[in-house]
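Look at the two complexes coming up: subunit A is in both, with subunit B in one and subunit C in the other.
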Partner chain A sequence: MSALPSRDPVTAKAVLRVEGLRVELRDGSDVVSDIHFSVAAGEVVGLVGESGSGKTTIASALLAHARAGARIVGGSVWIDGTDLLALPAAELARWRGRRVSYVPQDPAMALSPVLRIGTQLHETLVVHEPALVRAARADRIAQTLRDVGLPSDDAFLRRFPHELSGGQQQRVLLALAFMLRPTLIVLDEPTTALDVTTQAKILETISALCRSHGVAAVYVSHDLAVVRHLADRVIVLYAGRIVEAASRDALFDAPAHPYSEGLLGAIPDVALRTSLRPIPGLAPAPQARPQGCAFAPRCRQRSTTCTERAPALSPSGDGQQVACWHPLTRRGAGRAVAAAVPTPVRDAVPALLEVDGIDAAYGPRQVLFGVSFSLQAGECLALVGESGSGKTTLARALAGLGDHAQGQVRYEGQDLPLNARERDAALRRQIQYVFQNPYRALNPRKTVGRIIGDAVHHFFDVDRAEGLRRAVLALQRVALPPETLALYPGDLSGGERQRVAIARALICEPRVLICDEVTSALDVSVQATVLELLGQLQREGLAILFVTHNLGVVRAVADRIVVLREGRIVEAGAADAVLDRPANLYTRTLVHDSPSLLRASRAPPQPLRAAS
Partner chain B sequence: MSAAETDAPVLKGRGIPGWLPWFLKRLLSGLGAVLASSVIVFMATQALPSDPARVILGPEASEESIHLLQRQLGLDRPVAVQYADWLGRLLRGGLGHSLDSQVPVTDLISARFGNTLVLLGLVALFSIPLSLAIGVALALRRDSRLDRAAVTVLVLLKALPSFALAIGLISLLSTSVFSLLPAVSLLDPERSPLSQLQYLVLPTLTLVLSGLPYLTRLVRGSMIEALEAEYVTLARLRGVPERRVVWRHALPNALIPAIQGIALMLSVLFGGTLIVEVVFTYPGIGSTLNAAVQVRDLPVIQAVVLIVTAGVVAINLVADLLTVLLTPRLRTAGGVRLNVRRTRRVFRDAQNARLVKTHS
Partner chain C sequence: MSSASVRRATVGLGKALREWQVRLGLATTVVVLLFALVGPWLTPQDPQALLGGIYGAPQRDALLGYDYIGHDVVSRVLAGGASLVWMSLATAGIALVVGTALGLVAGYSRRVLDPVIVWWADVLLAFPNLILVLLVVSMLGREPWLIVLVASVAFIPGVVRLVRGLTVGLASREFVEAAEMLGFARWRILVGEILPNLLTPLLVHLGTMLSWAVGILSGLSYLGYGIAPPAADWGLMVNENSMGLQIQPWAVLVPVLLIALLALGTNLLAEGVGRLAARIEDR
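The block that comes next holds the complex of A and B.
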């Protein structure tokens, strides 16, 4: 049983065939189950899903590997006619790296920190081609490094991993993966940890390598826009099952599964301001999957059948396969809804927060150079920049965490100290900060009630009953039930935690909310919920400073944009104007390199400027 | 390539290694620490409720002769002058004479330090390779029956006070059960301790057995952590053979905590191992110091404490240097971001207390 009908000529040339793959946790619950698909020579297949969908589990199972605590209990992974899952360990080691190779998500963790780059490259060759003499190995390595766009001189080979940038580290990993010309390469979110510009270049390299060497690839990602640029076919996963498998065009133009459609509707896009449609609810954990279709509780068109029996993956025309009792038909589906939403027009009002010439330095290294801008009440200003641009330093300085910064900031016309200790209680209350990582921003030993209650009692002289009433109200505003008060952060999902963090800020009745990459740790369906909430708060008069590197999110929420590069503002203006007609070359590169679903183009974006 | 991809630091020239300025700074601050401790040692011995002149002349001496001797010894001068004088002599290598036996302190303690160093060397010689081998072996068999049994034995061994261990070993190896080894270490002071190995076996065995559990569990723990690192998984997924994964990818990263642990153990042992010295009547530095404290023999106390301080500083310096040399990130950092001390402090906070308890 393969994903494609067996008479399809492609199947004959399939270099990878996965049949009935099942991976279990220790308690016997399955992480993924009933996974069937195949990949033809030279084909790129995208494996898409949110956290917990099992995409990384499948990716590592393709090399017969399961993470600690999980076990591959069934099925087979055929590569070039051999079942990897049936191989003895020594034989398996010969296949790994040679016939099937793996590129991981976080390049910084993936290279041994005590071994030089050259040593690790040579090692891989020595292991698989012991017959090669040193000079021949050096030639092969130099060739591969050139292929992935890295220098191949001795000085580079003598470097240690920490002496490379993230993009260079990922290129080294690509070199390690492509060096032996494998049949199949598994790429597990290889660009998630990188800046958009670097991501665009790496994607381009991957695409070129697959094409020129005829290597088949399985590309795992949560980012549908990236997958659209790269993949020939897309497999959508939900709760450890394949819910849809289709050609790229079929999936993006006419998704058949309600989840695929929901996912597409939840993604903010850099090209157009659309209304995001969050998918209600949460994906179930492996132990808590409902009977019947796992997506049914979140599905708008569920019927009683859905909650009783799980649908099997079955053909729905054109080689498209879907696991749904009520698949969407071609006419009703699609992205017709992706209509532009006009940016609200606002009157010019006096600025609430005026930033005038902020400098910041960490030791001898200056990270901000005379940055100035203003923020009005009820406005959402996006502070955009890549890692190292100084955007977080700036946001922290405004929040009163600015030990490294100096300059003038006025709040309602009054001077605002950059150190929160010098601000009075009212000022501290009115300017609130929400941190990037909701998993670390909440004290795990306090209940949500204590976390929010502490903030109330810190700023307001109210009794317990009133504090409780306000806490419940704050939770209501972030769409969480009052029962949440008794829970600990550990009981909540990432999106719920971020909403608790926002509730903690809201209960202080702030006038300015500084959001530092608040959605970057969240899945797209959850991100849409949080963005919707922020939009609601903004309409109620809150001024929001939204710090991010994600231009799609900026397009969805921001009225105005300030673009930071290496500590200086390179461009500022109305959001739509900056994103549609960027004046600065750097901004243009950022917009251009941001993956987009709507700006449909097959090839990954070509770099705008000549190599520097 | 874009600026974002080429911003990685450029390799320095091969001239001076990047860590050298850091090392010189550490060396200086080490010397500072020894100097500071010399002040503390001197002041502390001054604060002792005893008068060297009275100690020398005995209880029956007249006030007059005591005063005379105090003047002769310079004890009537201001403390700062006495300290400067003492430090001056010290820097010229003169440690003074013992108040108790009138023998030069150098003669008195050099042999004892020699004995302690020999013992220390033997303990290091056995416990370092053993703990590495056992620790790695257990980490590779993590949670197996063997691993669980071994960890239990190690904890039991750890819980045993070293005097109990010593007495147990004596009764097993030197008395009725097996009469193999001498129960006391009657070292002939005329000969090198290394030519009298039969006396060294039991003290070494005791110290190795009481230090081994700590080091082994340290190696096991850091090796498990290294084996779980992503780069180890990825080496396996590249088809690198398991043996190479263990020795080239995991072990070098697991060594750093072990080096700091070994330094800690050696520092404690260098200060003397009083209990073991008492049980085996081994003539080490611990019992010398103990005896000197009992008779308020100030020059001996000062000399021993100062040498131990310098030794501890030196051991730690070597351990930090090894840590830097084994960590490319620190080695190439050029001194600015070297935070090996912080690493060590964090590590010690977690490990410290138990080891000190066992050995002193």
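The block that comes next holds the complex of A and C.
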């Protein structure tokens, strides 16, 4: 392992070299360990992993910082030949921002809401380059703002962060990070909070800046499609270890580690309907990692060696490194599964839910303008739109939380009030809603048994034993064991919580399930499990209204699509037809800007098959 | 599925007892409470009998001496805590129950009842506690139950404010909306969904109210508006014997110390539980 720098030709001019980095929690368990990698000037390295893999821990360790409760206990972070971890605090403060800078995940949280943009930019220069006179500072700021694609006039500098859009805020943070011309820039999921169109533009800017200024970048992300567009090399993390490090093309065309392959197979893609393969099981917590390879319990090809000894990161093929006893060798192994799955053809049946001219307004601001569509029994309709399109307002109105909405909705021919209190019990039971954020949708003070049980006893006149039996059955349908009944939501992971929320909806025996971005808070491998479950429910006859901004997910689950923009429907039709040949300009932009694993390797978007 | 990964995030008693503030507060409170509640049965003498000299010095059968008219101080200390303790508990308890009910309704209804309840709470809040109690007691007499009732009225606005604020936040949380969509009755949402999430802050507030109640009630007796002599009461003892502080300090110091310990103990307990809860919810 220590021989790594001399072996890899790239590291000869490496500006960042991480050696044997180890970060521990208070109880002595490691969040990350044995982290070795290097980044050359102008190179973009993607650091990829699911939640809990340690990617953010590594990102902050590159600035010699550890979050509360964690401590950097070993290794070194060499930047331009200086070990950041060995610097005294005062020296370190000078290095941060100047030699290594950081772009955080949520731009709205990172900018001070009470200071003007110009003040925040000037502040950075005053601290790091006190020698600059005011005019020189202003020049530098103007130039940097132009670099990141922002206006540089005084009016803009006098604005407050809340007066900017999310994309502009993120550009301001990019400006702050690039202004001092750092050697290395660490980007921690800088686009996850943004819409796809904005994301695509920001990614372009980042890419151009790194290339033109020769800045080395570490791009942390859970989104492999984004990394594919941006990175030269990719490092895949699992349970705090590097499991694979490879050039972009090697990783995406021929992943060597079963986990990398699994991740690729679990991602829904906007370009092609594929069958998703979830990775079974969950990533272990730092305290509960198994002996041997941490991935072994979830691995399809584990042997006894895997459960006994942990594999070291070793070379495999051209420049690729993998930590696996049985690395995959077949070229194209990862993409072999990406065979198109035909869209099921369905007969025309009468609509179950008919939405006719819904308007909604929050005070003077109207968010929905006469939206109409219908949902058939057993179909999955995707309601697609970016933030602010009104899609959540619409979904909530259909679910009975429509205080702000007006309009006519018919369910099986009868009028459906938009306020749940005015619906009768049968309607409330048959139309169920699953919330976006599983962390807020379950009462933290009730056990799963009570959360699900309360719903059963509310709608069905059954005794305790029958209620319990149905609760166990509902958990079984979402692949949770009966023991879950005794647990509190705080004891469960995000994916498990979302499945409990779905179980609470299912136990009511609904005919319509409204899902509001149900997978956006989940990791891709867990997302695949949830999507698979929804597909199965749909085949059993459930009608699903799937609200999302993620076109990859839409391609994987939807039969039909309704595209919403600023409260109006701009396009509607069969899912594959709309995604392959979008008629509306806005839809076309959305499809084009959605990151795709498949399209990146194949030339421009093209119709993949005839209309269904 | 390997999902039964049990990581309990709820405040357990065991976890609470590892906090030094909780331990110290709980120990102090329990000792003073036991002393006050069991004391009346352990008095060596009749606490209302005149047995010794005025401000008589401590001696073998009166370890803390005699008070301003010759009562045995040990017996009066033992007998004089019960009234303070039950009145403080009742005051804090009534304020907690009534205030929580009003706060829940105000925070959840948001339309008609909210402004009415909050307006009344603000009016009461603007009125100094002690003065309110003094006013009513001086008009209507110094019955213990009346004092408890009026003191609890003085505490209710604080509880209403706390509960209403938390309820407003919780009412827009998705799990409450989920219950609304399922069509649960309003009282059931208040009691079954929202109230359980208030228990920790309410527990903290109860502790704080207990120490306030101890302060107000002993202050009332000290001012002569509380328990009437010749009955024994810690606050009253301070009043009765303050003239003889230099001759016979025990008749004042011991009740003062016990009142202070009770207030301190409940305060520490509330503070400790609060910090613990904050730390657990942060994670």
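The rule we apply is simple: the second predicted complex is superposed on the first by the 590 of 612 C-alpha atoms of A that agree within 3 Å, B and C clash if a C-alpha of one lies under 4 Å from a C-alpha of the other, contacts with A are read in each partner's own complex, and residues count from 1 in each chain.
Operating definition for what follows: a residue touches a chain if its C-beta (ideal position, glycine included) is under 8 Å from a C-beta of that chain, and two chains touch if they have at least 3 such contacts.
It should be emphasised that the depicted structure is a prediction, and the values quoted were computed from it without experimental measurement.
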*Would you check which partner chain A:G28 touches, where first means subunit B only, second means subunit C only, and both and neither mean what they say?*
neither
*Figure out whether A:R421 sits in contact with subunit B (first) or subunit C (second), or with both, or with neither.*
second
*Looking at the overlay, does A:N443 come into contact with subunit B only (first), subunit C only (second), both, or neither?*
second
*Looking at the overlay, what does A:M109 touch: subunit B (first), subunit C (second), both, or neither?*
first
*asked:* On the A-aligned overlay, A:E483 touches which partner chain: subunit B = first, subunit C = second, or both, or neither?
replied: second
_Could you list, by residue number, the parts of subunit A that touch subunit B in their complex?_
60, 63, 65, 68, 89, 93-98, 101-102, 104, 106, 109-116, 123-124, 127-128, 149, 155, 158-160, 162-165, 167-168, 173, 176, 195, 197-198, 201, 386, 607, 611-612
*Where on subunit C does subunit A make contact in their complex?*
1-10, 173-175, 177-178, 180-184, 192-193, 196-197, 199
*Please give the residue numbers of subunit A that touch subunit C in the complex, ascending.*
281-282, 285, 288, 297, 399-401, 420-421, 423, 425, 428, 432-433, 435, 437, 440-446, 454-455, 458-459, 479-481, 483-484, 487-488, 490-493, 496, 501, 504, 508
*Parts of subunit B lying in touch with subunit A, wherever the complex brings them together*: 1-9, 11, 228-242, 244, 248-249, 252-253, 326-329, 332
